[in-house]
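Below you'll find a set of structures to go through.
Heads up, the next two complexes both have subunit A, just with different partners, subunit B and then subunit C.
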Partner chain A sequence: MDAIDSSLVDWSRAQFALTAMYHWLFVPLTLGLGVVMAIMETLYVRTGREFWKQTAKFWMKLFGINFAMGVATGIILEFEFGTNWSNYSWFVGDIFGAPLAIEGILAFFMESTFIAVMYFGWNKVSKRAHLASTWLTIIGATISAWWILVANAWMQHPVGMEFNPDTVRNEMVDFAAVAFSPVAVVKFCHTVSSSWVLGAVFVVGVSCWYLLRGRHREFALSSIRVAAWFGLFAALITAHTGHQSGRDIAMYQPMKLAAAEGLYEGGTEQALVLGGLLRPGADWTAASGDDRFLLKVEMPYALSYLATHDLQGYVPGIRNLLEGGYKLPDDSVALSAEEMMKRGRMAIDALAQYRAAADAETKATALATLEENFPWFGYGYLKSPGELVPPVPLTFYSFRIMVVLGGYFIALFAGLLLLGQRVTRWKWAQLAVVLTIPLAWLASQAGWVVAEVGRQPWSIQGLLPNVAAISKLDVGSVQTTFFIFLILFTLLLVAELGIMGKAIAAGPETDQTSA
Partner chain B sequence: MSPHISGHFPYVVVLRIFGLRMSRNCSYNHTVILSRVIRFYVDGFRSMTLGRTLWCIILIKLFIMFAVLRVFFFPSYLQGGDEEKGEAVSAELTERMAQPINPR
Partner chain C sequence: MNDITFLQQYWWFLVSLLGALLVFLMFVQGGQSLIWTLGRTEEQRRMLLLATGRKWELTFTTLVTFGGAFFASFPLFYSTSFGGAYWVWVAILLCFVIQAVSYEFQLRRGNVLGTTTYRIFLLLNGILGPLLIGTAVGTFFTGAEFVVDKAAVASPAMPVISYWVTPWHGLEAVLVPQNLLLGLSVLLLTRVLACLYFQGCMADETLRENCRRRLRIESALFLLFFLSWLVCWLLSTGFAYTPDSGVVHMEPYKYLHNLLEMPGVAALLLIGVLMVLGGMAGGIWGQRRSFWLAGPGSVLAVLALLLCAGWNNTAYYPSVASLQSSLTIANSSSSLFTLKTMTIVSFIIPLVLAYIAWAWRALDRDPITAEETKDEH
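== the complex of A and B ==
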């Protein structure tokens, strides 16, 4: 066979990661800031105070800048599916296409219809109609996110489909199972609530910048109060859904959990690593070896409890997952990686036999073998069990960055609420909040890294690894598009920062006298 | 065209583009509403300030994406009808099956 160059896999992944990560710079601010501005406008409609109208309009302006910069950056991901990930695109069939189509037709049109009323409708439609439009804009954006995350969740935990060997496609047989898969629901709640946190951090950060500059005091304090309550609420939901997400990962993607925890040797009564330093260059796929941590701080029993809701619960480590032999929750015994790879090769071989078969009997035999071994289909593309281990240090540290920053955001919002107006006296606190703004993006991107790097080598968990999913392209062409995107997106980001910076510097029109 | 709707001329043109027309019968209200909707958008676009810059950026971005990237850098890899695409992917998936090289 013509081997797939590993650098082609790496560059295809790098290109997709670059596009997705840049896209994800804009999306969470849209989702988070959208709710904050809608709350501000709700306060305006309820109180009738012009102050809240101007406050809402200011945050809407920043929302609009971010929306304009971010809109359609996700479309490039769809281009990449067709060109760089053609096997994947064909293999997933309508399962991936349906949520994306619904997202495009229903949610995006809803969002773009009401955003026009939101911006053009001041003084032209009633206050309540305008408020409804503002909420429907952000609800539309959130529904968009729902369908995208449904598609992503299916890749992490494929359900509701059957593989059709005649078309070589997975076909949806249960729409509800796909749309409301537990992984999708938790992923949606966690992603959206974390985006709310980012939006709230942005609002308190910009507001503290005004306090530092001695401008727009009332506007800043009011915005901080609203955003801190909202941010605290969102951060607590994020923590809760993060815990639920951890349970899903323990159940459906145990290798990702093991990598995120740096857990080589699992067992019962497992401790959670609160913080630690991994030994540089440690081989996580070796059968044995030195301790892979230079140092670590652990919380006894916590990992077992978080993963299984049982202090004595069994959590497999990387070695256990590769060697198998431990008991699964359904009392069956886990297969070794070698065994799964063997079954995967049987499934692929059966697919080839099925498609080449001339007589019905051979076809039926091949189909039976394929169906029996299809759950391990993707393992047949792996050359060695070690390929099943994702990059451990990147997953481990990204997970800790996300969790530590999540805890910091809770403390930040609670602290701001406790301080109230006293925050105006503490310049260092204002500066700390301003400097927190980029940390919200760091946490958001770290979460993305945990979710996507932690599931390597899979494009579709268990069914299709990257090496089988990518198109056989010239590496140079993938490198070219990678750098085109890098330049294009960086220009967009610089443009956004420039326009956003000017809008922030101009400030709201609420209390110009205090400027 | 009815005299009392002649002031709507620009909107009538837009309505015609979409295959709608104004008349004296009951569809008048319907078209007036549409006309007002179009006026809402036209006025909104006319009164934009920062929005003009943002729309320019959006249009440039969409042009680069669809007229440059999509056309020159992202052609569909799989060609032909569904059957040919299925055959091509089937061949790829079968050919790429791994032969194990070492246990770990």
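== the complex of A and C ==
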């Protein structure tokens, strides 16, 4: 019997991860730097000072270099849902396609139209029309983020749809539930605010580089002042929404939370692991075993509180989630993974019977079985309970990198605001800020690793595992395109860094126009 | 006509309109393919790239929105074609990836690949983009090598519902002469439109004269390939389906019948072709605003052709491997609820067109001069 090659799943995942991670190198800078440059231009329009115009133009130049790469890497992602995840595209296309189309109509056209005015319209439209174009460019980019994050949030927590056995797909029945799902709202706020943080870190980092080199002092201090306030505001929102996101994960993706915490055996009064080292090679799917930590520092009760808002709250670990038997918030008893897989197979078999049935009675019986077991439909494609456990070390360490760096950014922006002009005297502080630039990307990428690796093996949580979502292609074809994208994107990234470096080295044209 | 049938027709119209606008806006690609042909000096090449550089993102966005709208309204096409004709779509995407960075990077300092590399990228995008998209659209009339079996979802070992039956994954479409004729016609149309656009927006007299001369050659070649394709298309046996049963069958002269049975669409095609011809003639005689005759004409003509592909009980994505797997707007669309929701969203399109028109006018008000190419944005 023809069967899916597991290496095809792996390579398809690798290709999507590669292109998504490359894309996410550029998008957060677009979102963050875009707001900073729009603020600078607003200051220009309000004060009429040429200094602010040149400041805005400088950041716009860097924005443009980065934006081009975001566009280049983004087009692949949209079409990859079709090229590499074709079954997914049919199975949930009725719901998932809508946000992508709305993103195009509402956001992409706004972005692409007004960015042209922003770059080429300085002497062609009025000051205010130009400022509006700059803001509309970044508003367009942010609306674009909204719709793609709605789509992503829906994959993490599918809502607003029903399965139609006649068309063999899920169909949308409640658009508002999809578009304004609380998970989507939190995800959007967390992702966009963290992108603002990245943009702010970039601006203060580049500005401190100028201070280190003794160049563009006024430009650097002005940029730091604007970006540090903006960054602090954004970092606090990120922390708050991060906490809300943790609550969502605890409710809808408990396995992801268990992996992020390295929590094998759950229970009440659970401590939060502040930091730790996992035992290399530990088997997280085994029924029992040694302590899976080499060392850890914990905060008592904190995980229970963060996950349930109750110090005594119950948080299931990986073993509990696989074996079931614990009480759920609605007082029902959690099923074991084996039981869910069994029910999933019953649902899939019932679908086959429904489609093959010649008489109405058989059809009705099959439909009843399908509907009864549909909540576990996706589990029917899995071969063993162990597949439900995501890569724990990667999720665990990524989560800590994200959280620790998030805290550091709050301290950094607060410190810069407290220092004010004194930052010009402290070379070590300037150097520290410059060295922080890559950490912003590290935190941002780590966040996505937690979100996406932590939900494995699901393309859509609980509904469709990767193995049932892919396109039927030769592994060789996907391997070839993987390496084509790897080489091309790396080459373009090197080119971009070279151009960005030269543009920064050249500096702004503000020296003739004092602040 | 029940709700879903109307909405399927409406969304096929919108997708066709986006496809038609994409072909029109690919004058950017046509312009890129003519950088070295029209621009004899570095200054002229810069002026040409400045003209298309203000518009490339609009074309790019239209392509992306075309994909998104197709996904939302006809997800089975998205799933079947993109997942099956893998290599054609990947090739098209790669063409657009290299375009996206080239305008911004080509003249920047620190550009490690060199200006010429990015201009070669633009040339490749300019030639291969329209050629491949035209060839891929050709399969709407000649068919593709796929099988759809929705029952596969209930087979845990192999749940993929659609697959390609040849290992070429879409590249075989290039070997079908009719597809290739359409691909070449689209490429040449974009070059014609580019010549007309440059004629209208350039201050440089020499450059305008270069465009006018080039327009004669491109117009002649376009007419040769397009009329050849049109004759083949009108005489070809097409893929029809019976609305009640959904059964697909072959029908001689199907597309000719479509034009005869849909006189409004036939009129669109005729008017569109005449406008393109009028634009070409105007351009050759030195009229500077001919772009605005040929451009909308190309939109009307392409719109009519795409409407013929999907309306009047026609299978718009036929399968030559399994006739009953062919996609029609009835068997491949989204649900009634999703189509209704998307229809409400589509009412914003006039606003989008309005601000695009404002921006276009604001940026193109004055002709492009050599001086302008010295401003680094």
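The working rule: the second predicted complex is superposed on the first by the 508 of 515 C-alpha atoms of A that agree within 3 Å, B and C clash if a C-alpha of one lies under 4 Å from a C-alpha of the other, contacts with A are read in each partner's own complex, and residues count from 1 in each chain.
FYI, a contact is a pair of C-beta atoms (placed from the backbone, for glycine too) under 8 Å apart; a residue touches a chain by one contact, two chains touch by 3 or more.
Computed from a prediction, not measured in an experiment: that's the story for all the values here.
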Superposition on subunit A - do subunit B and subunit C clash or fit: clash
Partner chain in contact with A:N466 - subunit B first, subunit C second, else both or neither: neither
Which of subunit B and subunit C A:S384 touches, first, second, both or neither: first
Touching partner for A:A286 - first (subunit B), second (subunit C), both, neither: first
Partner chain in contact with A:S245 - subunit B first, subunit C second, else both or neither: neither
Contacts of A:L106 with subunit B and subunit C, given as first, second, both or neither: second
Which of subunit B and subunit C A:S222 touches, first, second, both or neither: neither
First, second, both or neither for A:I348, with subunit B first and subunit C second: both
Touching partner for A:D94 - first (subunit B), second (subunit C), both, neither: second
First (subunit B), second (subunit C), both or neither touched by A:L488: both
Partner, of subunit C and subunit B, that touches more residues belonging to subunit A: C
Clash-bearing segment of subunit C, relative to subunit B, as chosen among 4-12, 22-30, 94-102 or 184-192: 94-102
Contacts on subunit A seen with subunit B and repeated with subunit C across the two complexes: 1-2, 4, 61, 64-65, 68-69, 71-73, 75-76, 79, 82-84, 86-87, 89-91, 116, 119-121, 124, 167-169, 345, 348-349, 351-352, 355, 380-381, 467-468, 471-473, 477, 481, 484, 488, 492, 495, 499, 503
Subunit B residues within the subunit A interface of the complex: 40-41, 43-45, 47, 50-51, 53-55, 57-58, 61-62, 64-65, 69-70, 73-78, 82, 85-86, 89-90, 92-104
Parts of subunit A lying in touch with subunit C, wherever the complex brings them together: 1-4, 60-61, 64-65, 67-69, 71-73, 75-76, 78-79, 81-87, 89-91, 93-98, 100-106, 108-117, 119-122, 124-125, 129, 133, 164, 167-169, 171-173, 175, 345, 348-349, 351-352, 355-356, 380-381, 467-468, 470-474, 477, 481, 484, 488, 491-492, 494-496, 498-503, 506
Subunit C residues within the subunit A interface of the complex: 54-55, 57-58, 60-61, 63-65, 67-69, 71-73, 75-76, 78-84, 86-87, 89-90, 93-94, 96-98, 100-101, 103-105, 108-113, 150-151, 153-164, 167, 169, 334-335, 337-338, 341-342, 345-346, 348-349, 352, 355-356, 359, 362-363, 365-366, 376-377
Subunit A to subunit B touching residues, read off their complex: 1-2, 4, 61, 64-65, 68-69, 71-73, 75-76, 79-80, 82-84, 86-87, 89-91, 116, 119-121, 124, 166-169, 285-287, 322, 338, 341, 345, 348-349, 351-352, 355, 380-386, 467-468, 471-473, 477, 480-481, 484, 488, 492, 495, 499, 503
